[in-house]
Every structure is written in C-alpha cells, then in structure tokens.
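The structures considered in this document are given below.
Consider the two complexes below, in which chain A is the common component and chain B and chain C are the respective partners.
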Partner chain A sequence: MTTMSRARVLALGAALALTAAMPGSAQERVKLINVVELSGAGATAGTQWRNGIDLAVADINARGGILGRQIDIVHYDTQTNPGNTRAAVQRAIDEGTYSVLGPVFSGPIGASMQIAQRAEIAQIVGGEAAGLTRQGNQFLFRTSLSQAAAMPKLATYLKDTVKASRIAVVWVNNDFGKGGRDAMLPELQRRGIQVALDVSTEQGQADFTADAIRIRNANVDAVFVYLNEDESARFLLAARQQNVNKPMIGETTLLGARVIQLAGEAANGARGHVGLSIDAPVPAFQDFGRRYQARFNIASDHNGLKGYMAVHMIKWATERMGRFDRKGVADTLRGATITPQMEPGILITTKIEANGDLDRESFLAEVENGQQVIKATLPMINP
Partner chain B sequence: MSETAASPVPAKASGLAGGLLGRLDGVLLTLVAGAVILWFLPVGMGRYGTYVLTLWLVTAIAVMGLNLTLGIAGLKSLAQGAFMGIGAYITAILGTKLGIDWYTCFALSGLACFALGLVLGFPALRVKAHYLAFVTLAFSTLVWLVLRNEQWLTGGTFGISNIARPTLFGLRTDGALAFHRFVVVVTLILALALWWLVRSPWGRAFLALRENPIRAASLGIDIRAYTLLAFAIGSAYGGFAGALYAPLVEFIDPTPFALSASFMLLLMVVAGGSGYQLGPFLGALLAVALPEWLRFTGGLYLIVFGIVVLLLLIVCPTGILGLLDRGWTALKARFGASDGSRP
Partner chain C sequence: MAELVAYIVAGLATGAIYALAAIGFTLVWQTSQTINFAQGEYVMLPAILILAAVAFLGLPVWAAAILGAALFVVVFGLGFKLAVVDPMIRHGVLPLAIATMALAIIMKESAKDFFSSEAQTFPSPFPAGAVDVLGVSLSLQHIAIIAVAFVAIGALQWFVTATRTGRQMQATAQNPGVALILGIPVARMVMLTFAINAGLAVLASVLISPIYLAKFSNGDVIGLFAFIAAIVGGFNQVRGALAGGLIVGVVDSLAAAYISSSYRLAVPLVLLVVIILVKPEGLFGRREERRV
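Moving on to the complex of A and B:
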C-alpha cells in the first residue's frame, strides 16, 4: 500500500466514522424498552399504558423520529410481580434501553427503581403512590399527579361542592388504594369531614354487595371510592343494585373510560377529580382520544395518556439537549416545564418538580349519560 | 439419572471402588460440578442473566424444602410460599429496622420457620392428603393477611425497600456477580445438607413414612416425630430461601408470597420430579427461567409456558427426572446383560 492510498483509506475511514456518529444518520435507531403489567392484577392499567406508548412511537416515527432516529419499542411483561419487574428492568438496561418506561403499579416500581437509579438512566413511571418520590431518587419521573397532590383538591371539592360532613371511604387494599386512603384521611380531618365508615376491599374482588349494604345503612352524605378500574365498575354496579343513593366521589379511576364502559348505566352520577382525561376540554386530549379509539378500538383512560406523554417527555429532553445522553435525559427533565408549544406530544403544560413529581392543571368531572363531562378546570398547585 | 432420592438404598460402588468412593454418587457429583459451573457461568452474561440465575437458585432452595416435605415424606403442603415470605420478612425487618447482620437473620429465618413448621405439622398428624393441603392453605392465607395488614411491622402493601446484601469476610456482595456466587455457595451447602439427610437413617425413616406408615411404625419408627421433623425441615428451607430472596430483590411486599406462590412451588416439585434430589433444580428452572426464555414470543409467552407445562405433565406425570429415570431403566434393561458380564 502506497503512502497516498493509505492516506486516502484513512480519510475514508474517518469520514465513515463521522457519518456513523452523526445523529441524523438514517441507519441509526434508538431503543426504548417498556416494562409494564401486561398480565396479573395490573393488566388493565398496563395495557392502556402500552397502547399509549405504541401510539406515541408511531406518531414520533412518522414525523422523523427523535433527532432523526427512529424509535424501536420493546414491551416486557412483569406479571405485576416485583421480582419479575426487577428482572425485566435489569434486562432493559442490559439491552441498552435509552430510558426505562413503566411500570404503572407502585409496588413493582418500588422494587425496580433502584436499578435504573444505579445505572443513571431515567425511568418514566405511571405510579401515583405518594412515597415513590420521597426516596431521593433523581432518575424517577411520574406521568401523573401524585396522590399527595390530588387528594387535597378532592377533599376541598367534598367540603365546598358536595358539602359532605360524614362520608364513607371505600378503598382497595393494595399500594395504590392504601396510599390514596392514607393521603386522603388527614385532608378530610383538616376540613372537618368525618369518616363514618372505612371499607377495605380486596384487589380482584368480584362481589361488593356486602360493602354496598354497609354503606347504605351507614347514614353518610357521600362515598369516596378509591378502587382500581375493574373493581370500581363492580362496586358501582353493586351500589346501584342496593339502592345506595349517595353521591359517588372518586379520583381519576372512578371516572375513567374503562369504568364507564364496564359499569354502564350504574356509572352515571359518579363524579370527582381527574388528572388526565380524554374528555377534558383540551383539544389535544380529545384528538388523542379519537386516534386511540380508532387504532385500538377501545377508549383510552388516564393510563393511555400517561404512556403517550412518557415517550414525549424523553423526546423533548433529548431534542433539548441536541444529543442522545442517557443521564442527560434525567438532568434535563428535572425541574423543567414543558408546554405543548415546545412539544405538542406533551398535550398539556407540565411542570416537573425536582423530586420527579408533576404539577399540571386537573379537572372536576361527572358522568352523565355514559359520558364523562368536565365541570371545572383546577389550576396548577405551584404555577 | 443414575441415582435418585426415591430409591431407598443409595447405589454403592462395588468391589475395588469401595471406601470413600462408595460414598460418592451421581447426585453429589452433579451438585458439586453444578456449583463450579454456576460459579463461572454468569461471567460476561450481564446483570439480567445473572439475576435470573440467582433467582432460580433461591427458588430451588424453597423447592428443595417442599421436595423433602412432599416428595420424600409424602405430606402435601400449600404453605411453602408463606414460609418463604416469613423468612424474607424476618430478614428484611431485622436487617433494615434493627441493623442485625444477614447471617443472624438467615439463621433466625430458618429457625422461625422450623418452629412454625413444627406447630403447623401437628395437624399433619391428624389429617392426611388433601385435608392437610387445606390446613396449609389456610395458614398460607393467614400469613399473607398478616404481611399485608400489619403495616406497622411489615410495611403493608408498600413493602420494605433498601434491604442490604450480606458481606463475606469483609467483602461486599452488592454486585450482581458477587451476590450470585454467594448464593451458589449457600445453595450448595443447603443441598449437601439435604443430600446427607436423605441418606442418613432419618432420610430412610422419611421414605418409610411415605411408602407405608403402618409398616414404618411396626419397625419402631416414631411416626409423629418424623412427620413433624420432615415438615419442619422443609419449612426451614422455605425460610432460608426467603432470607436470600429479600436481599436479592432488595425490596419485598406481600405479592410474591401469596397463595399462588405456594402453588407454583408445588408445581416445581412435581414438574422437576417429586422425590428426586435434583428435581427441585429442574422444576425451578422450568418455572423461573422458561418464561424469561419464552419472551421472544411476545404477548403469548405465558400461554406458551402454560401449554409447555401441561404437555410436560401429560407426557411425564412423574416429572422431568421421572421420565429420565424411566428412560435410563429401559436402557439398562436393554443393555444390562452385556454390562453385567463385564469383569
């Protein structure tokens, strides 16, 4: 090989290396792994979350990807089991995921969040339990309001709008339901609302007749229902059968599309606070809802919206940095405020607190004729 | 498989190979060789692969205990998942709240489960077969309710996080590979202890109990004592497994110790080969690793797993090792004459 040809080969090699390193290279793709509950107790929520992610990935890829790279999305099921979740998150990181998406249930999040933290990779989760963001994990981010943020809004609603002084609290005894109840009780007490009946129910419980009868006999002004989607629907049906004619007040799940679909007529009259809803008076939400329905032939609940936003949070952070940097995603997200003008896929102005909690507008809603109707928009807590 | 725990008399090397070699058998060699392989296997495997391997071994310990209770002493228990939970919670609570070192927690987990196994074993003296399964089922549900509802102690549904991993001679086992090797050593010790037990007079007594209790009693075996002992030792292994599970996942909540876990452990005993000493390893491999391997089938992986298990139990109701044993016996019958004629 002559000196001349060697120089030419070197130049060619350098050019090739440079092309490969360029973010806009057509061959390059970015891998995202979603670890979520697709079987077991969390399957309803997890499937919605996965669908939301699939829709986001399709949208982003159709518009040219993130910084020119197409997204490859992989979903790993956790069976709603903490040990399996941990294995799946570990696998996601070993396989080079850019960020970890999911899970949605708070117990499995608790079991897996240290893995992403150690690897210094952002983990965008769907969990709402208040304790998750109190452990000083700098890499964990929510996609919804935490219970600690939502419950004060709901307690005020119970006092000022429903004008309740004695209520029954029906909650599901898992990390989600117990966390919500524990966040709600002090807020009720602070507002002088007495909890006359505290009803613990089981995850997967099929028959709520006995609980409904207890509530009917308890002489309360309203019922606060804090159950997962399927159980909410079963409870509403049992309450209707037992003629419990008290206002049914809930937080997000009770008014969700899935509950309205399952409970049918019995869902009418249910009201309360919703963090995210495709029926909210936000055109971007409604448009999302229509496209979700068209693609999956089912209405999206808040988990579908959360999954959609999760991918766009990663997209926004990466484009803001102008490069792919795993640790940088978390650094960029922390403390950021993302508006729909900056990133249309975020759908609504979202402020990310330093601990990974979110702040955004939320809504008071009521189910009327099988439709969730938004009655009022509540402002951000710390705009 | 040349040697199984189900055969009442261990194979002895004959003639020249007597003495020390007489004490060696296929199970022992497999255990030691397996431990050596597992020590080196995860090198370059990534943390995920290492985690699944470690989870397999931890599960195998619980299955070994149930194999003693069910496969060797013939007592149907649906409480092994609960014992695993008790061990995990004792280790987590003592470790995180009182700062007690892992080895003490490990010993206490085993002891507590041994004691509870004795107490739970008493009904075993009065009820048999599926009635015993009902008693243990009730116990399992009770334990799960305590784990979930006594939030002041167990953390309830929020569980316990940040469970520390043990140190060995000042060496930390925080890394995936270090902890895996630690678990390999503990598993080997526990498996060797059981290997010795099954070959001891106690083990023969357990087998006699399973095969024909009345005859065992007529031979002077104290049925009550041995039934209780089998139950208690099997339960203690559940506790040991739990004590390793807690630092492996570094987080526990009641979910993995619900009744379904006990059913899965029972499935592992049966699928691996009830009564065979290496059965628990194969059974646990089937239940822990197979779903992970099947992930390439996407959303169908649990359905495929269910079908595989169903087919397996239809084809070989005595488990994987039962099938191998039958095959081995058939081979020996065919070629036995020529082997026997060798000097």
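Moving on to the complex of A and C:
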C-alpha cells in the first residue's frame, strides 16, 4: 500500500512536471487585460485599439508567445466612463494582469492611471493629451505622439504650407480636445497665426450644423479640427452640407481611416499631421493594414496600430529582461529605443522618453478620393 | 440676418425630426395614457435594422429600408402593444412607464451587442450641398427634411381629421368607453395608433441618421429632446408636439450658435422648466382633469 502510494505520488509529480514543461499549458500563460472604450463616445477608437491588440496577440502566440508563454487576453469595456475605467483597471490588477493595456481616451486615462502606478504595473495607453505624462507617473507609456510633440509640427504646417494667418479652432471639450487646444494655441501665437474663432463642442455631440454655419461665415483661412472620431466625421458632414469651403486641417484623428469611412466624400480635402497610418510609406505599416483588413473586414486607423504596438512593447521589454517581472516592464521601457530589427512588431523605430512620451517619425497627409495620401515624412524630434 | 435665417432653418430641420418623435409621444399618451420612454430608441433602431439588412442579407438599401421599416412597425408597433402595453396597462400607468424604460435599455444594448457599438454611415436620401435662397445659403438636406416631415405630419393630420378611421381614432383617444358603445373597434384603433407611432419613428430615423450617423446611443439625445418638445407643445395635442419640436429645434440651434455648443443642452431644459411653471399643459395643450 505504502509502495503503491509512493509510486502514485511519483507518477503525479512527473505528470505535473511534464505539464509545466509543455508550451501552451495553463501554467505557461501570461494574462494581459485590456481596459478600453468598447461602447459610448469612444467606441470607434476603442474597438480599433482592441482589434490591434487581438491581432498582436494572435501573431505573438503563433510565434510561440512571450518567452514561451502564450498570452491570454481579456477585454473590459469601460463604456467611455472614467468611473468604470477606474473600477476596470483595479479589477485588472486584482485579477493579476501582467501589464494594463488601455484605455484610449485621455480623460479615462487621467482618472485611472494612479491605480496602476500604485500597483507598480506598466500601463500602455492610447491617449494623446499632453498633461498625462507631466504628472511624474513612471508606469504610464504612450503608443502615440503626445500633443506637445505633434502640435508644433502642425502649426508649422499651417504657417508654411497652408499659409494661414487667421484660423478657426474647433475642439471637443474633453481632456483630449482641451489638451490639444491648449498645446496648439501658443504654437499658433508663436508663428503669428490668429485664432479668429474658437469653437468648443461636446463629446458625443451629434449635430454640428450651427458650428459649421459659424465657421462658414467667419473670415478665416483654414479650420483646425480637433475632435474625436465620430464627431470629426459628423463635423465634416455638416461642413459639407453648409458649403464650408475652407481647408480642414487636423491631427491624426481627422485623417483616420474610420473618419474617412464615416464621412465619405465630405472627408476629401482634409489634411494635416498623422502620427501613424497604414498608408504611410513604411512596409510594416502597410503589411499590418492588409492583415488587419483581412481579419476584421475594416480598415485600421491609428488606434489599430497603437493597440498592436502596445502588446509588442510589453513583449520586447519582457524578452529584454529575460523574465516575467511586472515592475521591470516599466523600468525596461523607460528611456528605451526599440527598432523593428529588435522587435518586428514595433513596426517603426520608437524612442520612449523618460516620462513615457514617444518620439518617432510622423507624416503629413491629405484625403484624396476617400483615401489618405501621405505627402511627406517628418523626422523624429530628438533622434 | 442671413446667418440668423440659416440657424433658424437648421433648427427647423432638426426640430421637424423631434416633432415626428414628439407626436409619437402624444399618440401613445392619448391612447394608453402612458409615456413611452423608449421613444428615442424607437428613432435609433430602424436605421440599425436597415443597415443590418444590408450587411447580413446583402439587400440593396431601398429593399433593406422597406424590410427594416415593415419589421419595425410589426415588432415595435404592434408587438409593443400586444407584448408590453396590454399586459401592463391593467396594473396602472407607472408599471407601464417603467416597462418602457426597460424596453429602451433592451433596444439600446441589443443594437450595440448584435450589430455594432460603433457609429455607422447611413445613406442620405437627399443630395448634399447647399443652395442660395435670397442671399441665404441653405442646406439641401435640411430643406428636404423639413419638406418630408411637414408632408408626413400634414398627411397624419388629414388622416386623423378627414377620414372615418381617423375620427374613430380620435373618439377612442378622447373616451374609449363611449367609443366602444358607439361601435368603434377600440382595440383596433389603439393598435393602429401604435403602428403609426412606429411608422413616424422609422421616418424620423431615416431622416436623422445621415446627420447623426447610425449609432446605438442616438436615442438618448433624440428621446430627451422629443420629450421636451412634447411637454413644451402640449402632451395631448398633435399640433402641440409639432410646434414643440420646431421650437426646441430652433432654440437648440440658436443656443449652439450664440451661446455655446457646450451649453446647448441646458437651454431647452430651461425652456422646459419655464413651461412647466408658467403653462404646465404646454403651449398648445388643453387642460385635463382626472378623477382619482
């Protein structure tokens, strides 16, 4: 009896050891939780971000995972609600996420980032508001250029290429829009461009007719549009209905694939600066765009690319460390420069500043015949 | 001045759509003495059904529109009467009102889960661009919306006042007991009212979705503004709902233009409070007395 028991114990131990050694077994998985806007005002951006993450996870798992561990991805919908976002980030940490992915909207990021910071877990987000990385949070990392980096490029474009001296600014009254406006106004002033009309709009606003009429009747050379995806499309549709014939200039969102798709012909002629684009002359971006289209039957905008890169930032940091270390992810990412040679999934050389901001090449683009056309590539600010 | 006229025409266009939804409020109120808190979702859903028919059945837009509209009228007009109103009304007005709130949530979440949480392009039946009228640049789409909505409301008024069935509907709304004694098929008239409400919602949905984009959350704003419009105009009068819709649309447009888009939602609410305090039956409503 005793001999039998010992044999059983040995057999059980051997089975457990074998199970642990097998790739893809339950013990060999790493959990990532994505906290994102899958409904509410941010659903368009959040869905793209989620899709990008799903594609990244599928790619990484197909290639053997991270350090041999397969990724389990879980998505929690914040409903674009800051309170829900806080709860979801806390839940993600309680459930043992390796790093927190998302959200995308700056307001919910600002409301929830302290939770991941307290837990000393890296949070990779899609937000662009300049203020996010000015709070000394060592665990917050962007996947896009900050407004502080993008707005000078755009102001120069307005001055030198559009040759505007008086412009209207249309912005959404949330953290993203207000942050962008506040970053843009000093840049315009520095270049002698006057803001003749300052139009504040609401997140989720459905009707932009009155705003379009105001702009049509204003004596301005161009319109700087800084709204979220759905609102950008609605504004462009209203502007077309009201015969607003002034150049529409925007930053990334206005020229995104989803906005072009929603606004249709009304998007033609919109131009400006884009941080990420599947139409950019970067083969890795274009390949990503094709695979995204094939899998989700929809074109990826910058948020799809950001989600894809977010997972690969975590992968690169973990493989660089050679071990799974939650706190170490943030330590490794800070100050790093990741090239596609080091990690193909990063798609383009990306420099991560000490405060979590990014620096990389970006693009000037214009919408022509329902397609985003890249007109020029802008270099990194601090290569 | 030209700018002011442009704002007013834009307000009339959205106001005409609010009026269509507000008339639905009054019709349901008159026949079942309840408020359909799912009225905003009634305007949101037809566009989603039409897009779903295009996406999943591969139908052309016109065929999808016919199918979607028919399906909506049957399920959310007649079905709503049979499945929600009839079982609940005998328990009083409050359970029915709460049931419509639940219905609103179900419609909204179903649209999100079974179709999409993202905004979708909805094709406009009208041409894009603007036309110059006496020095005022007006959107062709807005002119068409005003025309279509007014024709629809005019046709409804004609039907209600000039046809035998319409007068039977009126009699049913005013006193169903007496109407029954007079041999009017009250149940059928009530059913017809719900079908008309659903039809108006389909029309409002087709008119507004090209502007707002089709999205599961559209009912929030439309329902609120239509509710305000119905109260401002008078909950028991179709012409009141029409006037209320137009007033709310114009006030909203002027508020966005001359105050701020950020505060535009507050202005119709202020109007609502003023009406409740000064003329609680609404601008064109009639006083009702109830024995309790």
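Simple rule for what comes next: the second predicted complex is superposed on the first by the 356 of 383 C-alpha atoms of A that agree within 3 Å, B and C clash if a C-alpha of one lies under 4 Å from a C-alpha of the other, contacts with A are read in each partner's own complex, and residues count from 1 in each chain.
Everything that follows uses one rule, which is that contacts are C-beta pairs under 8 Å (C-beta built on N, C-alpha and C of every residue); 3 or more make two chains touch, one makes a residue touch a chain.
These figures come from a predicted structure and were not determined experimentally.
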item: Which superposed partner A:Lys159 touches (first chain B, second chain C, both, neither); value: neither
item: Which of chain B and chain C A:Leu38 touches, first, second, both or neither; value: both
item: Touched partner set for A:Arg191, first chain B, second chain C, both or neither; value: neither
item: In the superposition, chain B vs chain C on chain A residues touched; value: C
item: Touched partner set for A:Gly107, first chain B, second chain C, both or neither; value: first
item: First (chain B), second (chain C), both or neither touched by A:Lys351; value: neither
item: Partner chain(s) touched by A:Glu265 [first = chain B, second = chain C, both, neither]; value: second
item: Contacts of A:Thr201 with chain B and chain C, given as first, second, both or neither; value: second
item: First, second, both or neither for A:Arg216, with chain B first and chain C second; value: second
item: Touching partner for A:Asp94 - first (chain B), second (chain C), both, neither; value: first
item: Contacts on chain A seen with chain B and repeated with chain C across the two complexes; value: 38-39, 173
item: Touching residues (chain side chain A, partner chain B) in the complex; value: 38-39, 75-77, 79-83, 86-87, 90-91, 93-95, 106-107, 110-111, 114, 129, 131, 135, 173-175, 178-179
item: Complex interface listing, chain C residues touching chain A; value: 3, 6-7, 10, 13-14, 112, 117-121, 128-130, 137, 139-142, 210-213, 215-218, 221, 252-254, 256-257, 260-262, 264-265
item: In the complex with chain A, residue positions of chain B that touch it; value: 46-49, 51-52, 55, 148-149, 151, 156-159, 161-162, 245, 248-253, 255-256, 292, 295, 298-299, 301-302
item: Complex interface listing, chain A residues touching chain C; value: 38-41, 43-44, 47, 173, 199-202, 204-207, 209-211, 213-214, 216-217, 229-230, 233-234, 237-238, 240-243, 258, 261-262, 264-266
